[in-house]
Structures are given as structure tokens and as C-alpha cells.
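Note that the chains are named A, B and C in the order they appear, and that numbering of residues resets to 1 at the start of each chain.
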Amino acid sequence: MTDTILQATHLKKEFGGVIAVNNVSFDVLRGEIFAVIGPNGAGKTTLFNLISGAYTPTTGEIRFAGKPLDRARPHTRTKLGMARTFQNLRLFNNMSVLENVMVGRHARSRYGILEAALRLPTATREENAIRDAAMQCVARVGLAERANELVGNLSFGGQRLVEIARAVATEPKLLLLDEPGAGLTRHEVEGLDTLIHDLRRDGMTVILVEHNMELVMGIADRVMVLDYGQKIAEGTPPQIQQNKRVIAAYLGEEPFPALRMEAHDDATSS
Amino acid sequence: MALESQILQFIFAGITVGSIYALIALGFVVIHNVTGIVNFAQGDFAMLGALIAVTLTEKTPIFNRVFIAEFNLPLPLGIALAVLITGALGAIFYLLAIRPAHNASIVSLIIITIGAHFALQGAALITWAADPYSLPRFTTGGPLEIMGAILTRQNLWVIGVTIALLLLLYLFFERTILGKALRACAINRTAARLMGINIDRMALLSFALSAAIGAIAGIVITPANSMSYDSGTFLSLKGFVAAILGGMNSATGAVIGGLVLGILETFGAGMISSGYKDAIAFIVLFFVLFIRMSGIIKLGKSQVEEAGL
Amino acid sequence: MQFSKRTNLIAFVALGIALAVIPNFLTNNYQISIMILIALYTILTVGLSLLMGYAGQISLGQAVFYGMGGYITAWITVKMGLPPLVGMLVAAIITGAFAYVVGIPMLRLRGNYLAMATLGLNVIFELVVLQETAWTGGPDGFQGIPKFSLGDLVFKTDREVYVLVWIIALIVIVLSLNIVNSRVGRALRAVHASEIAAEMNGVDTAHYKVAVLVLSAVYASIAGSLYAFWNGIISPSVYHLTFSIELVVMVAIGGLASVWGAIFGAAGVTLLAEFLRNVLPQLLRGASGEQEIIAFGVILILVMIFLPEGLTTGSLIRIRKWRADRASAK
């Protein structure tokens, strides 16, 4: 399977004269884990907002599974098979864990106001299906026991997992994870690593923006590097780690600290 | 009357009423810039300022005519005191109703200021009953006639006071430390706090200042248009529309918005239909909101913020 | 705040029983008319609570839909001589369609701007009703609106109207509770919590905002029709901006995101208003006019400061928290 699920060509996004993303093109292959890295302010989140439809590109085009997305609104993209999480959590704080994830089933269910108001059999049947599917997703991220708690009661790491469960509940072909490792403990990051591998095994393609280089380099098939809105490199993790432009872009920011520490640990233990 | 003089007459009337809208709008903008709150009770401060000034200067029956207030202060002193008292009421409103709800949602804050609007209106009704009051004209003398159009002396007072107040506010915001601190809050609240500016005190000041500006607006129109307990509602609405016309965050915008609204209203009422005079402001509002929205909403600042940038 | 299905069912049955018993204790028509008003306001506030409390979209123009219901019903029954039921249904359809058309552009506005736009709609509606005398009867309004009837069954006396309006109010409550506890209700609450996250999870936010506005408008229109049948006369003063704001007050005091809160708010505010209207003139000699608004203002501010979720939801949250704290202390 080497077909392209997402194809971005010459993407550009301008905010009142400031160019956040400049002429970026890339392909993401079906079933791969594709990471986007870059220093702060490189335009990674803007890129995510373009892909998911929160912004429309100033110029350029995005194709999803071969079809141009044009100005399709985010909820349409979700229906097409795209889901995302947010860098700073955006959970529905007025709902329980399970209800949050049940919202994720919205695009995969259809009963409307009338069926709901009259509580027709179709509504009840679908509601049960929604609950079961959502519960599976909650269980999958290991939160089954806390399903009925208000989402705000969970730890930061727990809330991140709820966001992922909610996104997974939409049955995405392509999952966009915006810094899923930020603010997690080392232990939680390991769990995340396993979870992402699991999701890929189920056939999901994953694009992730991430600062945690250990996670990125360990998990990604390919990495794209952005700097000042421009793509400066793309390749496998080893290629990226040796790329001079990447190292220069990160100069003074210590590009792969975690990785070096890891290498050091390995050397002493062996 | 010749068409030109009729048009000129509309313009005079429009500028006069527009000046009032501009002052109310200015009050909205000052509070909104510093605190992010839209104060639906803004017009009630104009009503309070005017009725307090009347009470201080003339024999006035109050509390359902149970008492008769006989301060009989000279007009300038009465006006100055009324502005100060209203400013203090603005500060009290902030301390009692806004500050305790410091992290409320926008909907809650709207409801709080609506509550304040009710409370102030009710208090005014209890104090002054439903009677209309007016102040004497500030100066005596016949109206001026310019190209066949008539400009009363009170019109001149309204326009003059507006200009003078704008100049004073300009000097305050540009030349004084306090004014600069207020502006800093408007530009970036977090940064202002980090710079050591006391945000709470600035918010208090903004409410007091807005209330005082509102009081002045109310006082200068009261000789021409009488004022009663419920006059605040429409002053609030028109002032808010003017503030939105001007972009909601700029003092210059508020003034231009007020004048444009005033002139459109007098022309609309004079030439199209006087019955729909009060609808004009809102038709203009819809027009502006939807035009701005069609261009802005997709890339609006709030949207950018909400998308997590 | 979500209640379990069982709690909802118990509360609903209790309300039904209370409503069946209450007329036996009402001694005069004044008391019955207060109960009828509470039913009408319940229909209005339940709709507004879906819009404001659940979906987070403020409306300061709900009186417009109430008024449209009344005027269209009056037109159809008085001028066209059609049966009351037809009047009520046609009014609901036209009002719903109107809400749909104005809702599409208006609900793209947020917060203060949405509040202002809906308020503007109310001001314009009032003026149209006053000015277009040929259609609306101007300041005098419409007279001679027939009593509601279904075939030979005529709801004539206030006690009969009481039964009618409360049956419809109860139906509205059931439908709304069902909506709240469904895929649609979750979508509405998601819009409230984070529009962008709702959208990213497949919720067509624009569609749901308009849909809930239309629903609240249809409720309001039905309440407006019922008022017209009951009163026989409608005039512009009823549809004043103040009424729209009072409805927001009822919902806010009762509890924003709660169908039960809306009912509680409608009843509480109506009873309080009547109480103050009777008591204030005795306290203040010669008091006249709507002096009770000062009490509303103060209560509203206090509720928003101390129980921003409203009296019902707010106190429930406090009680649950207190219990949880006590349990964890043990």
C-alpha cells in the first residue's frame, strides 16, 4: 500500500502580512506515521489548522484521498475520515469522559432533532450503538473505569487520552495529533507510543506535530521539518538527525537533547 | 424651507444627537477596552447624571413625592457634583457587581450588566417616579440662523461640550501616567499586569470614567430633551450601535460612529419615516455587522485564538 | 447539568401530579391566570434554555417569536376565519421559517454582538407592529380572537385553558428533555463548550445553532398563539424588549443549562413579580409603575455572582460538592 492519503501542494497561509506557512508541499502515504517538527513559531499548528479546515489556505491545495478539499468545513472533513487533537486541550468541560467521546461518534450517526424529541426506535437503537462504540474507544485508552466522571476531574495526561479517544471515535482514516506528548510524564509518553503504533496497525495514518524528539524519532516513518513557515527538510529520522539545515535551524535550541541522553544511557548500560 | 437649508437643518440636528451617541459610545469603548465587558447599563448613567443634576439644582419631589429635595445649587456646581456622584456610582457598580464575578463567562457578564440596568432603572423610578424632568438651558438667547437653518444655543453647548470632553480625554490618555496605564491595559492586559499595572484599579477607573462621561452626555441633552427613569435604555442601545460602527475599540471610531449614526437617524426620520426612527440604528447595525462578518469571520481574531494559535 | 433518566421521570411525574392537584386550591381567577402565565412562560423559557443554556447562544429577542405567534394566529383566525388549530400551526411554521432565515446570518455573531443583534430585531419588530396598522392594528392591536377549540371541544373558561396550556407545556418539557439527552443535545453542549472542537468532531455547528433557534422560535410561537386564544386581545405592549429580557432573567435565575431550571425560573420570577406588584405599593405610599424591576436587577446580579449556574443547577452543584467533600473527609 503506497498510495497517497494526503497531498499538500504549495500551501501558503498569510495573516495580515505575516506568512505563517509558506509554499509547503508534501505527501503523506496511507498507513504511515508522519511527523512535523520545527522550532517554536515554525507554523506547525497553522499547518494543522489548514489540513483540518479551521483555516482556508491563502493559496495552494490540499487533496485528501485524491479529492481536493477546497473550502470544505471541518465537520465535512471529519465525515470524510479526518480527525484531530489540540495542542492546548479542547475538551467539552461540561460533559463526562464518555459523553465527550460520544460526541466523536456524531459524524458516524445520523438521527436528528425529530427522532430525538420523539425518542423513536431508530434514535434509541442508534444511541445504544453510539454508547457502545464510544465506550470501546474509552476502554482502548485505558479510561473505562473513569468513563462517567466529569472530564475536568482527570489529570492532564488523562485529558490528553480523552482527546485521542474522541478523535478515534470518529473512525478516522487520517489522525492529526497536535503535540500529544506535551505535558505528559515519561511513563505516559511510553503508553502514547504504544497507542499510536496500535492505531496504525488498525489502518490509521497518523500525522503528528511533536516537540518530544525521542517520541518522534522512535515512532515516525518520515519527518518533515518546518522553519519560519518553510519546509527545510523531509526524510527518515536518521536522515533528519544528520541534516545540516535542520541542525542550523535548531541552533541554540538543542535539537535532539532527549536522543543524546538516550544514546548516552545505551552506551553506559551495554 | 429651501432644500439646502432643510438638509443643513438635518445635519445640525444629526450632529447634536450624534454627539450624545458619541459620548455614550465612548463610555462603552473605555470599559470594553480595559475589561472586555459591554456595559448594557451605560445609558442609565446618562439618565442618572441628568436626574441627579436636576435634583441638586431645582426643587424636586423624590421618593414618590414623599420628600421634596431643595438643594437649589447653582447650575454649574450642581452639574459638577452630579458628574462626580455618577462617576462614584459607576465605581460602586464595578465593586459590587463586576469585581465579585471576575471570572464569569461573557453571557453571565451580559446578564449582570442587564441586571444593573434593571436595578438602576428601578431605583430611578422609585426616586423620581415616571415624570419627565429637564434642566434650564445653559445660556439664554435666541437661536442662531445659518443659511436658513436654525441652531439653538443648547445645540452649540452639546457640540462644544463633546469637543471639549474629547480634547480632555485625549490629553488624559496621551499625557498622563494614569491614562497611559489605561491604554496599556487596553492593548494587552497580561503584559500590562506584568509591567506592574494594577488591572483591578484600572477596571475600577474605567467604570468611574465611563459613568462620568455618560453623566455629562445626559446632562447636556436634558435642557432640550427631557429625561425620565427609562431614558437610559435607548441611549444604551444607540451608544452601543455607535461603538460597534466605530469598531468597538477606538475612541475616534466611537465618535465618528456616533456622529454618523446621529446624522443617518435624523435624515432617515426626516426624509423616510419618523415612525421608524429608532429602527434606523439597528438596520445600520445589521448592515455593518454582516458586511464586516463576511470578510472577517473566517479569519477573525477570535477564530484565530479559538483555533489554538 | 445532566440528570439521570430516572430523576427526570420522577420529577416529571411529580410535576404532573402537582399540576393536577393545584387547581383545587386555587380560589379565584387571578390565581388561575397566574398559573396559565407560568405555563406560557415555561414553554418560552424551556426553548430559550436549549438555545442559551445548552447551545450557549444568547437571544434578547425571544419576544419577537412570541409576538409573531400571536399576530399570525390572530390574522388567520380573525381576518381569514380559519380554525384556531390551523392558526396555531401556520403561525408556528411561519415563525420557524422566519427564525431560520434570520438565524443563518445572525448566529455567526458571537457573545455581545449576538445579544445586540437579537435585541435590535426586537426593537424593529416592536416598531413594525406599531407602524403597520393595516396589518397589526397598531397600538390597539387585534381583538376578538376566538377561544382555542378542537372540533366541538372549546377551551373557554380559565380552568379549561389551564388544562390546555399545561398539557402543551408538559409535551414541550418531554420533547426537550428527550432532545437534551440525545446525540443532538450533546452536539449543542459541545457547541457551547468549544465550537472549534465540536466542528472538528463532526458537528455541523452552524446547522445546530440555527436548528435550536428555530426550535425555540416554534415553542415561542405556540406560546404566543395560546396567549392570544386565552386573552382574546393582543397588543404591542406585550412584545416589548423588556419581555425578552425578562425571559433571559427567568432562564438565568432558574439555571442556564437545565430544562428544570427554566421551569423553576419561569414560576419563580412570575410569582415574585406578582408578589412585589402587590407588596411594593403598600411599602411605598403611592408607588406606581414597574418598581419591582429593581428587585429583579439585584437578584439577577446576586445570582450571577454567587450561583452563576442558576439557582437549581448552582445549588445542586454546591450540594454535590459538599457531599463529596464530606465523603472524602471521612
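Simple rule for what comes next: a contact is a pair of C-beta atoms (placed from the backbone, for glycine too) under 8 Å apart; a residue touches a chain by one contact, two chains touch by 3 or more.
Given the structure is predicted, the values throughout are model-derived calculations rather than measurements.
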item	value
Chain separated most widely from chain C, comparing mean CA positions	A
Identity of the most central chain, Cα criterion	C
Interchain centroid distance [CA atoms averaged], chain A/chain B, Å	48
Cα-centroid distance, chain A relative to chain C, in whole angstrom	42
Cα-centroid distance, chain B relative to chain C, in whole angstrom	31
Overlap residues in chain C, where contacts from two or more other chains coincide	194, 196
Contacts with 2+ other chains: residues of chain B	303, 307-308
Multi-chain contact sites of chain A, meaning residues that touch two or more partners	54, 86, 90
Partner chain C, residues of chain A touching it in the complex	52, 54, 73-75, 78-79, 83-84, 86, 90-95, 99, 102-109, 111-113, 116-119, 123, 126-127, 130, 166-167, 170
Chain C to chain A touching residues, read off their complex	2, 175-176, 178-179, 182-187, 189-190, 192-194, 196-205, 211, 215, 257
Chain C residues within the chain B interface of the complex	52, 56, 58, 105, 108-113, 115-117, 119-121, 123-124, 127-128, 130-131, 194-196, 241, 245, 248-249, 252, 256, 284-301, 304-305, 308
Footprint of chain C on chain B - complex, ascending	38, 63-66, 96-97, 100-101, 104-108, 110-112, 114-123, 125-126, 129-130, 233, 237, 240-241, 244, 273, 275-276, 278-279, 281-283, 285-286, 289-290, 293, 297, 302-303, 306-308
